[in-house]
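The data blocks that follow each hold one structure.
In the two complexes below, chain A is the common chain; its partner is chain B in one and chain C in the other.
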Partner chain A sequence: MVDWHPLKRWLFTTNHKDIGILYLLTSLYFFVAAGLLALTFRTQLAIPSNTFLQPDEYNQAVTTHGLLMLLWVLTPLGAAFANYFVPIQIGARDMAFPRLNALSYWVYLASGLLALSSFLAGGGTADWGWTTYAPLNTVEFSPAVGGSMMGLALMLLMASSIVSTVNFLVTIFRLRAPGMSLMKLPLFTWAWIFTSLLMLWAFPSFVSALTLLISDRTFGTVFFTSTQGGPLLWDHMFWFFGHPEVYVLLLPGFGITGDLLSTFSRRPLYAKKIIIPCLAIASILSFTVWAHHMFMTGISQSLLEAFNVTTELISIPFAIIVIAYIFTLRGGSIRFATPMLFAVGSLGLFIIGGITGVFNSSVALDTAFRGTFWVVGHFHYTIVGGGLTGLFGGLYYWFPKITGRMYSERLGKIHFVVYIIGFNLLYFPMHLLYDMPRRIFTYDSSLNAGFYIGSLFVGYNFLITIGAFTFGISQLIMFANLLWSARRGPAANKDPWGGYSLEWGVPSPPPEFNFPEGVPVISATGVTYRPVAMADGGHADAGYGAGSHEEHWSHWPIVVAAGSGIALWGLLMSLPALLLGTGILAVAFIGWGRETLRGRFSEPIEAVGEKWPFARLENVSLGMWVFIFGEIAFFGTLFGAYVFLRMNSLLTGFVWPRPGEVHNIFFGGFNTIVLLTSGLTMVFALTFARRGSYRGLQGSLVATFALGAFFMVNKAFEWRELFAGGFTFSTNTASSIYYVLTGVHGAHVVAGLTALVYLMVKALKASSTTQAAGAVEIFGIYWGMVDAVWVFLFPLLYLL
Partner chain B sequence: MIDEMKYAAVYGILMLGLIVELLIAVDGSILGAFAGAAILAIASLQAFFIFLVYMHGRYGPRPVAVFAAISLLTVVPLFIALLYSVVMPHHGSLP
Partner chain C sequence: MPALAPSAEQWQSLFTLYIIAAVIVGGAVFVMFFYFLAKYRRKPGTAEPKDAPRVGVMEDRGNPALAAILTALLVSLFFGLTLNTFALNAFLQNPPNDPNALYVDVIGFQWGWRFVYPNARELVGELRVPVLNSTCTPAVRGCWSGTVVLNITSADVFHSFGIALLKIKRDAIPGRINQAWFVAEKVDIYPEAIRCYELCGTGHALMIADLLVLSADNFHDWYLTGP
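And then the complex of A and B:
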């Protein structure tokens, strides 16, 4: 008889620690895949005029390496530690929304598999570089369907990240243990707060850009093939996401480095009260520096000057943090265990990356360096040096906590030495290739810069390739060490490092719900564990200490992810697969709803603790608000694209349709009345729910549904009429932006109508209307957002 | 009843705004060059009322309002840069 229990545990788990381990293993798997791709193209570049790879193979390898490393390795590796340790560090039993947490992971995995499967889609995968520059990303220059598949995989990944972001922010703001004020949070958790905020506001803008790109590639819109849009539109939309993304990659490792320096020098982190505002300032500034990636695109002189200044400004908070880190070491009793070696290494490498970054902020120098290997060297010192090296420090630091076993310190130190040698051999010579273009698959001997040892010529490119293999071998040492130690390593006690954060006060590995001794209560004198009733006045007594893992299993997250992956694959490859995926998704959503309505899934009960500044919100309402904040960035970026296209039409001679010329103003106005009226019936539903009027609640919900559906029917009718009149997706930029804006808004309305059906069923089954009021209120927030977006869309598309 | 009156009043404001928008659009000469700006200002007011009354429910609005304002501010630099990319003279050519 096969025991399926362990497999079912990993497939259906919603426990944050299990999901953290799944993230860790999956991101390391993608790390190996992306690393092998790097070795492939470094082999190609080792010597001049090499034919190891063909040009299109080289382009695909570089593109996939970049996208995988940035989006499927570094960000999720940080998420792995955040999943495992943030809830423990704040004193919580789990994440605020455990099922959504599982959903984030499975969708992440599905997106990664979709990305890798794009190699097999016929014609290969995306070959436009990780920046996906227009017009290389258009069908004309990249006709392979694998490129579109990579785009869909990226969208799926963004969806996973945004759901995860909502979950983390609600968890950190609402589930902190008694006494765990924000300032008492460890630096890693602080870094993760800023990482989450950056993801919340930056990732939706990438989704906007991808929406336009996939629309161009699939439906024939003309955003990036027209003179009104073109490369400059993509550059702005992409880099508005792309530069904050750099800090998404950097901050988790940077936060871990701070905690490691403090723990291993046995001193409190120096100037923590200054480091945290510096992280905040850097995060804010990260949204104001993106155009330094565009100094060579022909944007105006005033923009060049502005972004030159903001880019130089952002180095100041990081310089302060680096100085604070160094001062943490001063006078400390330093222990150079492997995590500390990686922390110090990370700091040193980041300083080099930071200094070379200041060069790039100068328009004059950037004009010389842009598009050369100098830039490749700079960003690898920053992201791999500052980000990945810190994360590897975290891997060694928390390995005993996760596995309950110690790793081999000797192998860890060997790993570090080989890692540092390989890293610097790999990336430092790139700075010396400051006149070699980076986006070429081969080069002739005239570009083969290098040096002589006696009569032996050593090309920098050859040296870099040697460094790449050395760096790759160093990771094998780490994998061997950790795999062996996870099974055979000596048992670890609960605090092998003398750590100060809450995870070091619980057994290694931590038990199911983290704190077996009760609720951690943080005070000036330290941490005590009290029975729940004493800690929170008895509010969360019932079930706090009880419950087993199986009660928190859910089948549906993995099914939703599988359905999404199959549907998106089918969208490009096969109609039956599209139908199958859509069917699976429908079943999964119904199953998810039934599981909730029947109370078959129970979330771990949290003690009442610190909730500032969102004490007056419930978890779900805060989650909805955070989601809407992300939507502001999503629609804001799309509106930005509209403004750009509209203004650019003046310069390019394209005459934008006058009001009433294409669209019927009064029909649009009528539909606006329909949607705004549905907003009114929705708030009436809430009033009736609170008053206990069952009939009023049902009537209002039905009216909202009917009005929303009527709005969509009108919209479909309008689209049909416009198409019949020759105003199609590809007519011009005005038609393209009209269909995309109304299309994504319509998708939000349809999602809302689906949720309304669930809400009506919930109201039917609720024993009292007040029981349903919470859900009605949360849905009302969403529906209000749908209305608010439309009040801008109507004038932009019909009246102006 | 106070809630219903509040919601109905906001609905009235939204409808009034819509009518004024339509009037301006049909006869733009009323406000001349400011017609577009006026329509967008009305749309902003409509969205503000929806946020304030339809969306905030029973919550103390301050933390949410601050968070929402930051979210809006986040995309402001993008708008400025996109506008300046177009309206300021180019000093070079696209690659």
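And then the complex of A and C:
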């Protein structure tokens, strides 16, 4: 690595491998935190009528354990490996947007610290379970400000994940080495593609649900307190995110498991060309099964039966993959090193979790399972058994690559044995407790199911707690092993396992730009390296990227993250902090923009490489399109909420305001024309930029800015009028959805205006207008989206 | 444990069906899995397979027909399971058209259950119902058949009403009324049989009610006059 001061390296790095290590350490830190929380409530539940935890402490521990493990541990642990290895596996020097990558990490850390600090916010943190059911999640029933803080932390985390998703998809589709066709990508990279696509659609839906929740809690809107919205609105929005989220947690580890089974059995993956479409089908189906979490809500039975069937269907692609994984072993020469043991464990535990999942698909069996320990047992088998076990396999597998040292195989095996025993002691008896409600802080002897050894009664709950501590202690063995080995372990060679992905062809640890011998070129016979050919026809002197005078660090990602963390904390806790955070953010954005203008992050583009199917798009425009794909999910879910409220208002007898009754159609129409005209001026700007008309470009940009700003001024005026007329946030669901929809749209306009300022400066500084045309085009895509959303919003809010 | 009601009985047999399918399918998969692991473990002195992966190379193999066969097998298995599931669901969802049924409004609140009877009698923390009376057919009037129909709702947050013994459950949601029904076949007192299955705040664990299955006469006496 580069010999920078360590502080500069770790705080300001934009190198994907350093960021991977940061993700790894941080996610393991949250793993320990969330694991300790689990041990507190398992201690509480060890025996009947225990008083180790108070009820509110218990609820906070359960909630935070769930949220941390799902969102701050499992996905980021996958992201750690994805950061470190996806660029190498595709044959790239780094991510497409290294600085955004650093931003994703620091925002992730900031969101995690915000989540943890919500414990200290006075009154404790969120205590409503990770599913955050309405209306328990409203201020009336959960007034603690810590709950809102947890909500904001989640939103911040979602922002980090969405940025990272865009980055990965562009990287994987645009930066592959010559010969690295999509089908040649390792299974882990494939799993990460689907994980990213799932996050890209599921996470924005969660952001929209959280937007409504925070809006209810902070601004007094009535989404979850009204009868038109209420519990079912949350249920639909949450589980539309929640079920794909399950696959987000599973797929990275599941993908690693496939690669490990192949590598350690010394045989090619069986039917990789079937596995990948199966992952695709499962990902699509994952958006069609959410209502199996709502079997008992009393919604339409035919609808629920349809969801029963889709839930069964989703097990088919997974069954095919499982069988393909098992067939991979045939004819092999299996080496049971620690990573392989974890891969075998992951597959075995996932099979059990998959089978109990079929039970859960049954709308009739759910009359017993809903809300019980059976469900807890099931999903831990899938996402801990399948997901985390696979990720730990990956941790051992890649440890020598990351550190250049071997871990202790003996301790690794001991870890595995204790892990598997602990795991099954912990989660298997939960299935036997299918009458016991989950999330109860205490139970008396009447619920204390168990069995007798002679005259000694052994409660399942007691057994589970023993399992929990065993499982927890097993992780200490791993930490001890890895910490010791990272310093003292024997040196590892390039390829200790006979791996097939490209990271095994480079030194351990890989140098800064990954491929010291040049660009990897993949052909049927293997990989060769050739000196770098730059887009401008020049050659780099030595190695892949060395010699180009890039600086690979930036101050700004960590500052943006700190600013947003402080601002969000301040939003709830203190005005000065809010102002401070906003100030820091403003400075950071200016700094970020200036850095971009100086061209510090304009990457040399490799002339040759696999870019199918996006060969004709620039990286940044592809990134913008990917982002807009996520925005569609965000606004789509909000529109869905609107439709839900409208339909429910018919059922509940709420009279939705007639067109023109509240909103001034003429004024709204006028403002629509203002915004659409700004879209037109944006088109002019692009035309002028391409034609080389400097004044035309400047003029059009200024006109766009002026029209956008005018739209916002009108909007503010409209809001003031409505407020004065008694149509406020909390008047009814019609007012609530109006303010949220126009509010988030307005926020998009303001973000666009900010970017426009940057664009105007760039156009001013560019030596030729065509140089700015790329940036103008990309902004044009975004601005077009903002206009298009309004084209939907206007009739929805004013005319219907 | 002997079943206490048709709902529990039928649930149990559906569960057994799923368990049998799971044990057969899961067992076959695990046997194959462990057999391959044992059979193809590395033996000293043997050469690597010819198509062993190496950096940049992973040969293509596999038979797509296998996926098709597997899909067909699973679809037919699921078809059988689903028919049974839908049958039980129809049974659990649709209370019999019984003029002698007892209708009880169930209202969940933080933290307890309130039961309101047709004559406005109210109980908190205790549900009293008549036992199955097979002589009380729809042709006979003015008797309690033992059919109990519950109209479940909530006064505040999202709760979930469940009687694990009877395998009856429905969410108790403010602003909505969800129906569940059962017939209890044995006179008995079932302490703490009724619980909440959705986290509803600090009292979630204590949201418990007893189930009292009374003889038709005893129930009627209580219903009209009793304490």
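Some notes on this structure:
Going forward, the second predicted complex is superposed on the first by the 771 of 800 C-alpha atoms of A that agree within 3 Å, B and C clash if a C-alpha of one lies under 4 Å from a C-alpha of the other, contacts with A are read in each partner's own complex, and residues count from 1 in each chain.
Here is the rule we go by: contacts are C-beta pairs under 8 Å (C-beta built on N, C-alpha and C of every residue); 3 or more make two chains touch, one makes a residue touch a chain.
A quick note: this is a predicted structure, and the numbers were derived from the prediction, not measured.
Look at A:632: by the touch rule set out above, it reaches chain B but stays clear of chain C. Contacts of A:395 after superposition on the shared chain: neither chain B nor chain C is touched. When both complexes are overlaid on chain A, the residue A:520 reaches chain C alone and has no touch with chain B.
When the shared chain is aligned, chain C comes close enough to touch A:368, but chain B does not. With both structures placed on the common chain, the touch criterion links A:70 to neither chain B nor chain C. After overlaying the two complexes on the shared chain, residue contacts for A:266 are found with chain C alone; chain B is out of touch.
By the touch criterion defined above, A:687 lies against chain B but remains apart from chain C after alignment on the C-alpha atoms of chain A. By the touch criterion stated above, A:326 is placed in contact with chain C alone, chain B being left untouched. With both structures placed on the common chain, the touch criterion links A:230 to chain B and to chain C.
In the superposition on the C-alpha atoms of chain A, the part of chain A touched by chain B in one complex and by chain C in the other spans residues 230-232, 296-298, 301. Within the complex, the chain A residues that touch chain C are 55-56, 59, 62, 127-129, 131, 133-136, 141-142, 184, 186, 227, 230-232, 262-263, 265-274, 278, 296-298, 301, 305, 308-309, 312-313, 315-316, 319-320, 322-324, 326-327, 329-336, 344, 347-348, 351-352, 355-356, 358-359, 362-368, 370-372, 435, 437-444, 446-447, 495, 498-502, 504-505, 520, 522-527, 652. Chain contact summary for the complex, chain C toward chain A: residues 7, 11, 14-15, 18, 22, 25-26, 29-30, 32-33, 36-37, 40-43, 46, 48-49, 51-64, 66-67, 70-71, 74-75, 78, 81-82, 85-86, 88-89, 92-93, 110, 156-158, 160, 162, 164, 167-171, 173-179, 191-192, 195-206. Looking at the complex, you find that chain A touches chain B at residues 201, 205, 230-232, 236, 240, 287-288, 290-291, 296-303, 613-614, 616-617, 621, 625-626, 628-630, 632-633, 636-637, 639-641, 643-644, 647-648, 650-651, 659, 665-666, 669, 672-673, 676-677, 679-680, 682-684, 686-687, 777, 780-781, 783-785, 787-788, 791-792, 794-795, 798-800.
Contact residues of chain B toward chain A in the complex are 3-4, 7-8, 11, 14-15, 17-18, 21-22, 24-26, 36, 39-40, 42-43, 46-47, 50-51, 53-55, 57-60, 63-64, 67-68, 70-72, 74-75, 77-79, 81-95.
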